[in-house]
Structures are given as C-alpha cells and as structure tokens.
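Everything on this sheet refers to the single structure shown next.
Letters A, B, C, D and E mark the chains as written, and numbering starts fresh at 1 in each.
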Amino acid sequence: MSDWLGPAEWQALALSLWVSFFATLLSLPFGVFIAYALARWQFRGKHILNVLVHLPLILPPVVTGYLLLLTFGRQGAIGSWLYDNFGVILAFRWTGAVLAAAIMAFPLMVRSLRLAIEAVDPKLEQAAATLGAPRLWVFVTVTLPLILPGLIAGSVLAFAKAMGEFGATITFVSNIPGQTQTLPSAIYAFLQVPGGEGSALRLVVVSVVVAMGALLASEWLARRAVQRIAGS
Amino acid sequence: MSDWLGPAEWQALALSLWVSFFATLLSLPFGVFIAYALARWQFRGKHILNVLVHLPLILPPVVTGYLLLLTFGRQGAIGSWLYDNFGVILAFRWTGAVLAAAIMAFPLMVRSLRLAIEAVDPKLEQAAATLGAPRLWVFVTVTLPLILPGLIAGSVLAFAKAMGEFGATITFVSNIPGQTQTLPSAIYAFLQVPGGEGSALRLVVVSVVVAMGALLASEWLARRAVQRIAGS
Amino acid sequence: MSLLVDIRHRLGALDLEISFRAPGGVTALFGRSGTGKTTVINAVAGLLTPESGRIELDGEPVFDTRSDLSVPTHKRRVGYVFQDGRLFPHLSVRQNLTYGERFARAKPRASLAEVSELLGISDLLERRPGGLSGGEKQRVAIGRALLSRPRILLMDEPLAALDSARKAEILPFLERLRDHTDIPILYVSHSVAEIARLATTVVVLEGGSVARSGPAEHVLSDPGMVRQIGVRDAGAVLPATITRHHNDGLTELSVSGGRLFLPEMDTAPGTATRVRILAHDVILSRALPQGLSALNILSATILALRDGDGPGVIVQMQCGEDRLLARITRRSADVMALQPGDHIHAVIKSVSIARTDVGAG
Amino acid sequence: MSLLVDIRHRLGALDLEISFRAPGGVTALFGRSGTGKTTVINAVAGLLTPESGRIELDGEPVFDTRSDLSVPTHKRRVGYVFQDGRLFPHLSVRQNLTYGERFARAKPRASLAEVSELLGISDLLERRPGGLSGGEKQRVAIGRALLSRPRILLMDEPLAALDSARKAEILPFLERLRDHTDIPILYVSHSVAEIARLATTVVVLEGGSVARSGPAEHVLSDPGMVRQIGVRDAGAVLPATITRHHNDGLTELSVSGGRLFLPEMDTAPGTATRVRILAHDVILSRALPQGLSALNILSATILALRDGDGPGVIVQMQCGEDRLLARITRRSADVMALQPGDHIHAVIKSVSIARTDVGAG
Amino acid sequence: ETPVTVFAAASLKSALDELAATYADPVHISYGGSSTLARQIQHGAPADLFISANAAWMDVLEQDGLIVAASRRTLLTNRLVLIAGPDVDPDLTIEPGFDLAAALGQDHLAMALIDAVPAGIYGAAALRSLGVWEQVAHRVAQTDNVRAALMLVVLGEAPYGVVYATDAEASPDVRVVGMFPEGSHPPIRYPAAPITGANPAPAQAFLDFLLTPEAGEVFQKHGFGLPGDGA
C-alpha cells in the first residue's frame, strides 16, 4: 500500500489524521460544557447559544471559513489578540486547520453529548451530592463516566466529519503541503485536473476506510462502555 | 425587505426553501426505515449499512456530488435507468438538488431517528401485538407517534443542513439561476465577484434567519409533542 | 375454554420444564422470584418462543415444535395485562381501550361503555394515561385487554406495583371479571391473599417445574405447601354459602362444618362463596369456649400434627367436609395433649377473616 | 443529636406547613401518598428549597429564610437512602461505599470492613451494582450513606420496592443501626409493621401538615389514629423485658400487665424490647379462659369503646401501665355487654405476635 | 425568444452579468469552476454555451466531441499580476530573479492551487521562468480558487498574491506590484464554444454578441484583454 500512495499523499493522510484527532480532542471539553449547559441549565440566551452551535452545520462551509478568517486571521479580532498576547498564529498553520475542523464538527459532537447527558438520571447526581461531593466532583466521577458511550460516539462522529472537512479549512488556512494540505484538499485538487479522477478516487477510498474503522471502533467501544455500566 | 433582496436572490431563497423542504420530506420515510433497522434489527451487513449512511458526512461534499453525477447523471447507472424507464432526469434539475440535499442531510436525520427509536420501550410494541395489531400497524400507531419529538428534531436538522448544502449540489446539478441556484450557490457566486462580499453577507443573514427559525420552531414543536405524551 | 401448556426451555442457568392444564376460571401461577412464571406467560402470549413443546388455547394449538407451528402474537388473541400497565402514553384512555377493537374477530362480548362501567373508568375516557393514578392505570389496562376480545387473559402480577389501597380498589373488578365473563385467566402473583381470593386453580412452580397443581382449595389448604406459601400465609380455603345479612352489619355464612359470621358482604343470600381461614388465626380449645368475644367456633377432628421449623405446630383438621389448618405452639399442643382423632373446637375471630379473603367462586 | 423542621412550601395544590422536632433514634414520617413526606426529606437534604422556614441539624441551622441561609446539599452531611437505591452503576460496590469518604469531616465511626460486616455485604465488594439483588442493593445504599459520616440518615421508603423476603433480610440491619450507632434516622414508610418495629418517634402527616407526633408507643396505640393507620394495622406497642428462653423454643417476656410467650428470640435475658399486639389479634373473655391453645392471656380494664366504620368496635384497655387495643364485632360487644371500667381477659395467640413486630428499643 | 444557458467560469461573473442584462433574449448563466462545469457538460448538462477559464478542459470537451469545434473561439485573454495588501509598501520590480522571498519574509504568497486551478498553474509557471519559484515555493498558500487568494491579500492575511489582472482591477483594496511578463507563462485564454446538439443557433447568437466590439469594451472595462490585442 505504500506504493499505492505517493509521499505527498501519505503526508496529507497523516496530516488529516493528526488534525482530526486534535480537532476532536480540542472540542471535547467545550462540547461537554456546552452540551451540559444546554441539557441541564435554564438561562437567558440558551436558544441563541443553541443556534450558534448549529451555525457551522447551516452555513455553507466557505462562509464559515471566511468568518473564521475574519475572526481568527492575523488581522481578526481574536486572531490579533492571540498573536499579541500569546504569539499564537492560526492562519496558514495546521493549528488553524484544527480550529476549522473542530468548529465544523462541533454541532455533531454537541448533539451527541447533549442527548447522552439528558439520559443521565439527575437523581444519581443528587445522590452524590448527599454524600458530600461538590458539583464538579460529581460531574467528573458520576456524570462523565455515565455519558462515556455518548461521548465516544460523538467524538468519533466529529473525527469522521473532521476527516472530510474541506471548504472551511481551505478558506481559512489555504493549502500548504505538509502544513495544511489535508486529504480532502488533495482530493479536490485531483478533481480539478482532467484525468485526475483516478487519483482522487484512491484518496476517497483511503478516507472512507479510515472513517469506517473509526465508526466501527466507536460502536465497539460504546458497546463495551455500556456493558461495563450494566455490570457483570 | 423585498427591496433588500434582488429578484434573483428571492428566487434562490425560494428554491432553497423548496429544495430543502422536499429533501427533508423525501428522506423521511427512508430515514425512518433505516433508523428502525439499525436500532431494532440484527442483520448481516448492518455495519456496512451504518457506514454507508454516514458516508456523506465523511466525504468532502464535492466528492459526494461527483459520485452522484456518476451514478445519477444521465450516463450514470441509475440515472440512465431512471430516464429510460420513467423519463425522470435528476441531473441539473431542481429534483437533483433535492436528491443532493437529501443525501447530504441523511446521516443527521438517521442519527436523530435512531436515538429516538432506541428510546421507545419495545414493551409498548409488544403490548400492541398482544392486542392483535400486526407489525406495521403497531409501527404506525405506537412507534411513530412516540418518536415524534425525535422525528421533528431530526427533520429540522436535516432541513437546516439542506439549506446550507453547497458542494455536492453545485457539483451534481450546477448553478443555474431559477433552476438549481440555491442560496449557498448564490453566496458562492457573489464571493467570486470583486466587492460581492456585502451581497454574500446579506444572503448569509437570510439563511441564518431561516435556519434559526426552523430550529426554534423544532424545539417548540418537540416540547409540545413531549408534553402531549406526558399527558395532562 | 381451556389452556394447555407443555414446554421446555433453557434460560441462563434455569432449565424450564413446565406442563399444566388450566380449566376455565382463574388459574394462578405461584412461585418464588425467578422460577419462570413470566417466562410461561410470555410463551403463551408468543412473546417468547420456547425451545420445544406445545401450547393449546381452546384445544387449538398456537405453538407446537413437532409441526413447527408458532402463531405470531397478534394472531393469538390473548389479552395480556402487564405488571407495569404499558398503556400507550400518546393515546387517550378511550383510544387505549379501543386499540384492539379493530382486530377482534367478533364484537366484544361487552361494549366499551359496559367495560368502563364495570371497571369504574367511565369518567376517565378522555384523559391521557400520564395523569392517572396507579390503580386507574391498571384498570384501564385490564379494560384494554378485555375489549380486544381475547380467548384468554394473561395477568403478570397486575397489582404488585400498587399500594394496598389501590389493590383493594382493583380486586373486586377482577372478581367480577371471573364471575361475569367466561374468559379464562392465567394469573401470576406472589400474594397468597390475592390468589386465595381469585384463583380457582393453583399451579405452584419451583425451580423451573410444576411442584403442585390443582383446585385452589386443595393446594392452599395442603399442609405440605406451608413451606412454599410461607408460615404466615398458610391457611385453608373453604367453600361457603351466604345465608343471611344481619342488621348489625354481620353476614352469616354456612360452611360444611357449621356457620360463620363475617363483616357485611354485598352479595345476595344463597350465593356460593369461599372463605379463607389463616392457620395462625385459629385458636384451639378442648371445651366449647364460653363468653369469648370471638363469634366463630367450629367443631373439628384432628387429622394430623406437623412440626414446623420454629416452636410452632401445624394442626390439620377435618371440619365437616372441609379441611382446616391451625398453627399453635408446640407447648400448647403438648399441654393440651393433642392427638390425631381428637375432637376439638376451632375459635376464629370473625374480624380476623379478612374481607379480601372472601370471594365468590 | 436532633433535627428541627419548621417549613412552609406550596406544591401544586398542596400547601405544606410542617413543623416537628425529631430527637435521637428513629423518627418515622407516616402518612398517605401525597401528604408531603418526600418533600420534607428533600428539604432536609437540601434537594428542595422550601419557600420559608427553618431547618436545624444538631442545633445548627442549615436552612433559614430569615437569615437567607441555605447550606448546599453536599455540605449538609446528610446520608440519604433513596427508595430506588441510586447506586452508581459504573462503580464497584467498594467504590460506591467509599464514595463519600473523602468528604467526611472526620474518620467514619465505623470502618468499611465493619460496616460491610454489619450489613452482610463483605462478599460483594468487588461486584458492580448491576448484578446485585434488590435487597443487596439497598444494603449497599445504606452502607454508602453511613460511611459518609452523616449527621443524620434520611430514608425514604427504603424497603418499599422489595418483596417480603428481602424486607425481612434488611430490617435487622436497620435495627442494629439504630441500636449500635448514635445517628438519628428520619424514616419514611407506609408500613405500620416496619414503623412499629423501628421507630422511636412517629410523625403522622395528613394533607400537608402534622396531624400527630410523639413517642411511637403512644401514637401507634392511640385509638384515634386507627383511621390513619388502617383497621388491619391498628394495635398497641408495649415495652417489654426478656425474662427467659425456654427450651421448647419459646421466649418469655414480661410486660407491665403480665407475661407473654413469643417464638424464640436471639436476645439475651434482661434486654428491654417492645412487642406489638394488633387489635384484631386480641380476643376478649369475661372469664379466664381454660384449655385454649393460646398461651398469652393478660388481664385488663376497659377504658373506652369506639365504633368503627363497619361492624367492628375498638376496645381500648389499660393493661398494667400500658394500653392495649382489641377489635371485636359490635355483636360480641353487645352480647358481652362490655362497658368502660369492666375487668376483662385479653387472649393473644403467641404466634400471632409477628417476629417483625419485636425490636429492641 | 429562446433562453440561452451558459456555463461560465466564475471569474467572468461581473462582466457577463452586465452583458447578459443588455442582451435581448434571456440568458441563464451558471457560474462555477471550469473543471466542475466541464465535467458536468461531459455528463449531459443542459448547457448551450461553455466559456472556460482553462483551455485544457475545453480541449477535453473537444476531444469528446461535445463542443462545436468549428465554432470554438478565444473570447478573452487575461494577465497575471503580483498584488500587495493594503498595509504593504512594495519595493519590488518583477524581473528574473527578483527577491520575492525577502519581501515575503515569514509571510505567505497567496495563489490558487498550483497543480489544479489555472491561475495557480500559470502563476507557478511564471515564477519558475523568472527563477524565483524555488525560493518561495514553501511560502505559497494555495486556495481552491483565485478569488480566495485575492481575499487573503485583501484581508491582510498574506502580504502578496498572484491573481488575474481582472481580479486586481476590481479590488480597490490591493495594489498591483506589477504584471508578469507575457512570455513568463503560457498565454491565458478564455475559450468559448457552443455545445454540440444543444441549442446551436441561440448559443451562436449569444457568442457572436460577446464577440462584438461593444461587448469587448465591457470586458476591457473589467480588465480582460481581447485576443486581437496581440495576445
């Protein structure tokens, strides 16, 4: 198979895996927090937050990428602040690709997590409180382990989505081989040239295989987590 | 507001609404069937079906569009068969835009429905069987009403996704004003024009407002459906 | 109207091998948790397919491994009342009740109005199950099963989830059902009181097979069943006839061994009924006791004495044509020098015969 | 160790206004469904914030609307045993038991090993809750609450979901808890038998307020409480002392009015205990009865007769320093011409005093 | 009146929209990437006329016999320019070996995909022939279309970019550093041709209209060159 993909393609694959992995990891804590807030708390602006989270799903990806550029670009409000204060640059970096993938995958992750959290019986959390555990501890030791199956499913879905993300990524961080050239950009490039369809198809097969593996692994992991909870 | 959008833009908005509506409607029965199969049945190839359903989420939309063109185009296996036998043409018609949007939104819809179906107690279905109701009748009179909240949420999510779908649509049915030019295609076209960002932004606002309305309506409808079930 | 069950099935560690015939009336399945009661009922309903065997309803097989027959649930025409009600939450009570109507082969014996009347749910028809109390829910579940015109009613601990006030509310309806319809009922319960009140036949399951089965009177009055039934619930069930209602609120009944007074019953004189006398509610006396507040004293002959686990002794007596059980201390038995064949008086407090232990049959 | 509750809260149609003081020992909250028992317990635990009032634990306020104080649940140090167990399904029994340990202000009075031993769950420590029986689950829940070193234990119908075998399994543990620790317990139950066995204080709720409260002996023996308690559960609770174990399996006890024989108890002679005598288990006799199989006969003086709803009469008697209740028919009362002030013999079958009705206290 | 359906490269949108508005008959124009449009025509898209930004794709269609080869015309030409962002003060002259790398420093040069999108392909060829490609190759940020490259420069994310003269013309926020010499890359041509078997007469009529001098003026106003201009 190492003959089957060229070195640039291997690089794109590796980068895609890397970016998707980090995007998933990065969005997980935020996803859990926002899903928890949406599932359990009543607050003003809840509907707005909900719509905001869904926005990347609703907007054409190019628009999302453009908005990212406006916000997180070096001239953007947050981007320049990040640079001035932390020296962090997102534009044209793999870190930016991570951000784009994370934002695009975020609605899917939050939805999975929200449903999982809604399924946790608040009575168990109350029980933990009567045993003296403060809120955060209750969350970490009771809620979190119980939503594990949903968390796995949501993460893998986000990972799969991140693997396929193209429009927002290329708009935000463009395509720099070895830095930001992900599998989808490579596929897109092949499709632009007459006769490139074969090469594009090869990469499509690769990404389908990866995503398929991730999905199967997640179903297996989620089943194991459920069994662990059901107990022996 | 009628001054705010030009006639071509109104047309794109109307077409997007129309296409998204039909895409949602079209995918609903298939979505329910497949979600039911995934939630309730054990069969060979279940994992494959699951991956297949998720494919449009995983692949870059352009690839999905290209695959649609290959399959449902007039030279494509299914496309030519449809044309020869029913005179149905999908490629470059609004019907094709419906197909593309439906396929892209399908994974989201199936996930929502699957979770809703898994939450229905099979014991209620058994109870209906003991009362003499055949399977299909049980499904229509018991399962379906009980998954209504999930069905609404899933449909609106699919609708929102369809409203934002661009890559697969423009690749499969092109960008013909009044025929296949949806809101996202129009946004794309504006982004190609120097100084078109303002116009693009206007359309982005329009699509966000529509999707936001749909999401809010769905939350409200789902809450009502839940209350109806909880009973007065 | 009858049911034949003869099945074998393996469930985890449990090897089920169950065979019994239920005539008309109420057949109670009785046994400890995990002995296979729900499994049997599910097999009859077609919700579980046993590994082998045969099930007949009214002489017509609905399951038979030899001829590879298994009629699907919705064609078996069984009315199943589940422990947990399982009402359709999205339908009104009326819609729940009429759900099975369209599939009933013939018009239901009783109309919606009649059944609602019988079950006391006429006022609830337009409400949704969500707002009903536990007892109301269970009555709707019974009505729903009835109106699907089943050939048999299956009831799996229909009252277990209810508190005693709710139980008392529903038991009379089940009695009316037994007495005013000809649908056989297969009834699972852990409560001897319920079974004594309702059952015409009792099938005792133990570890996956039938330990004892027969008419309720015989099985429940069998001193050999004390262990299965539990010391505090052991007792005798006697057929009785209502003779007269006294105006001080007592009802007089005749049993084969004499007469009994009970708190007022609303059944007409002449009606046949059954009374249950718990073994621990019976005091024995050699002489006919005088000046006691207990109204009910029957003469009997001792048949046998059986030692229990503790300091108690079960005394089995013949009283007219019926058997009576008493549970007394070893010490009393010794002091009174009780022997089989002795004549004896059984003192029974009228109020100690629970209302729930009386039923027509 | 004491608890003070004085709260007002509106819940739907119910106006709660509840005020009582619980000394040490077991305080039972008793009342029909929907009278606010769970609401009170939740208010004490801090899971519900009453509209106004004050709650004190050990004299320290944990809730007070006047000073705008409401200590959050996790700082109240209450051990709550929920009706439904609520064990953490993803943790082993050991992890469940030690969950609250890290937050306990001091070392628990009893170690994990001791508590497991006390509750009979030492062999389950490495298992997960999913595989436990209902009774085992409930015991783990009790152990978990105990090991968090609470200032009070709150128990909301901890046994209601269990069948009688499981109840019998757990009750002795609750008794040991009451007798071997100094943690006060607020105990909700519908079961008079449970309350009679466990409670030192009884608080009767009716329609959102306290109808009666006081020492268990007084409240349960109060003929005015017959309606709340239910005719079949009415009875008297008498303090008693164990005198002697006889070798025919009987234990002799002395009560202020005489002596009683019970099936063997495993408590040492000299121990103070309580016995419960149900009103419907008492037969009255003018003359001292002879040759009866009943061993327990106490002399008493009639204090009052009260008519019930049916044909029954409640007879309240003074028996030594204690009160005794009997439920007999109106007819018997008339035939025997019972009057307040009459001397009378109360016949009680020894075996009719249930084991579960005896407890140290 | 028969409507004409035109498939046109997206970069032509402003000019073509203006011309279509003045045309007597209704014109439907579907804008997209040349590759997307060409592939759609291969799959039977209902196009009457195809205007590509990319001769290679037009060649593919010609080989497939999908265009009326005899009517194929070069409609427009274009030039490549190096642009600088609003905050950049360029001190560069485009000539062989000019020090673009130094001007970029740690920043990026925005271009369209250099292997796939025509503007990128031409740009890379130009930089190669000027001998500066090796120095800047690793600093090139490639976008999926040339407009996105322009946008990066407009927003100041990239100080320099290589785009069409037409793009630079229309954008007041960027400065043109210089035009790449004609010979430094293959000529940039926009071929147009009616599609076989479609609607040849109206398509031809519209193409003829686009070839009129009046139309030429409009194109020139938007920065395009006309093939007669010596391209």
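The rule is short, and it goes like this: a residue touches a chain if its C-beta (ideal position, glycine included) is under 8 Å from a C-beta of that chain, and two chains touch if they have at least 3 such contacts.
Just so it is clear, the structure is predicted and the values come from calculations on it, not from any experiment.
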Shared chain contacts [chain B and chain C, defined touch]: none
Mutual neighbours - chains that touch chain B and chain E alike: A
Far-end chain from chain A, centres as C-alpha averages: C
Farthest chain relative to chain D (centres taken as mean CA coordinates): E
Between chain D and chain A, distance of the C-alpha-averaged centres to the nearest whole Å: 56
Separation of mean Cα positions, chain D and chain C [Å, integer]: 31
Cα-centroid distance, chain C relative to chain E, in whole angstrom: 90
Gap in Å, rounded to a whole number, between the CA centres of chain E and chain A: 35
Sites on chain D at which at least two other chains make contact: none
Contacts with 2+ other chains: residues of chain E: 39, 151
Numbers and ranges of chain A residues touching at least 2 other chains: 66, 167, 188, 191
Interchain pairs in contact, sorted by label: A-B, A-D, A-E, B-C, B-E, C-D
Partner chain A, residues of chain E touching it in the complex: 33, 35, 38-39, 56-57, 59-60, 108, 110, 113, 115-117, 140-144, 148-149, 151-152, 155-158
Chain A to chain E touching residues, read off their complex: 66, 69-70, 73-75, 91-92, 167, 170-171, 173-176, 185, 188-194, 196
Chain A residues touching chain D - in the complex, by the definition given at the top: 121, 123-124, 126-135, 138, 141-142, 145-146, 228-232
Residues of chain D that touch chain A when the two form their complex: 45-47, 72-80, 82, 84, 86, 88-91, 99-100, 103-104, 127-131, 144-145, 148, 154
Chain A - residues contacting chain B, complex: 47, 50-51, 54-55, 57-63, 66, 108, 111-112, 115, 157, 160-161, 163-167, 184, 187-188, 191, 197, 200, 204, 207-208, 211-212, 215-216, 219
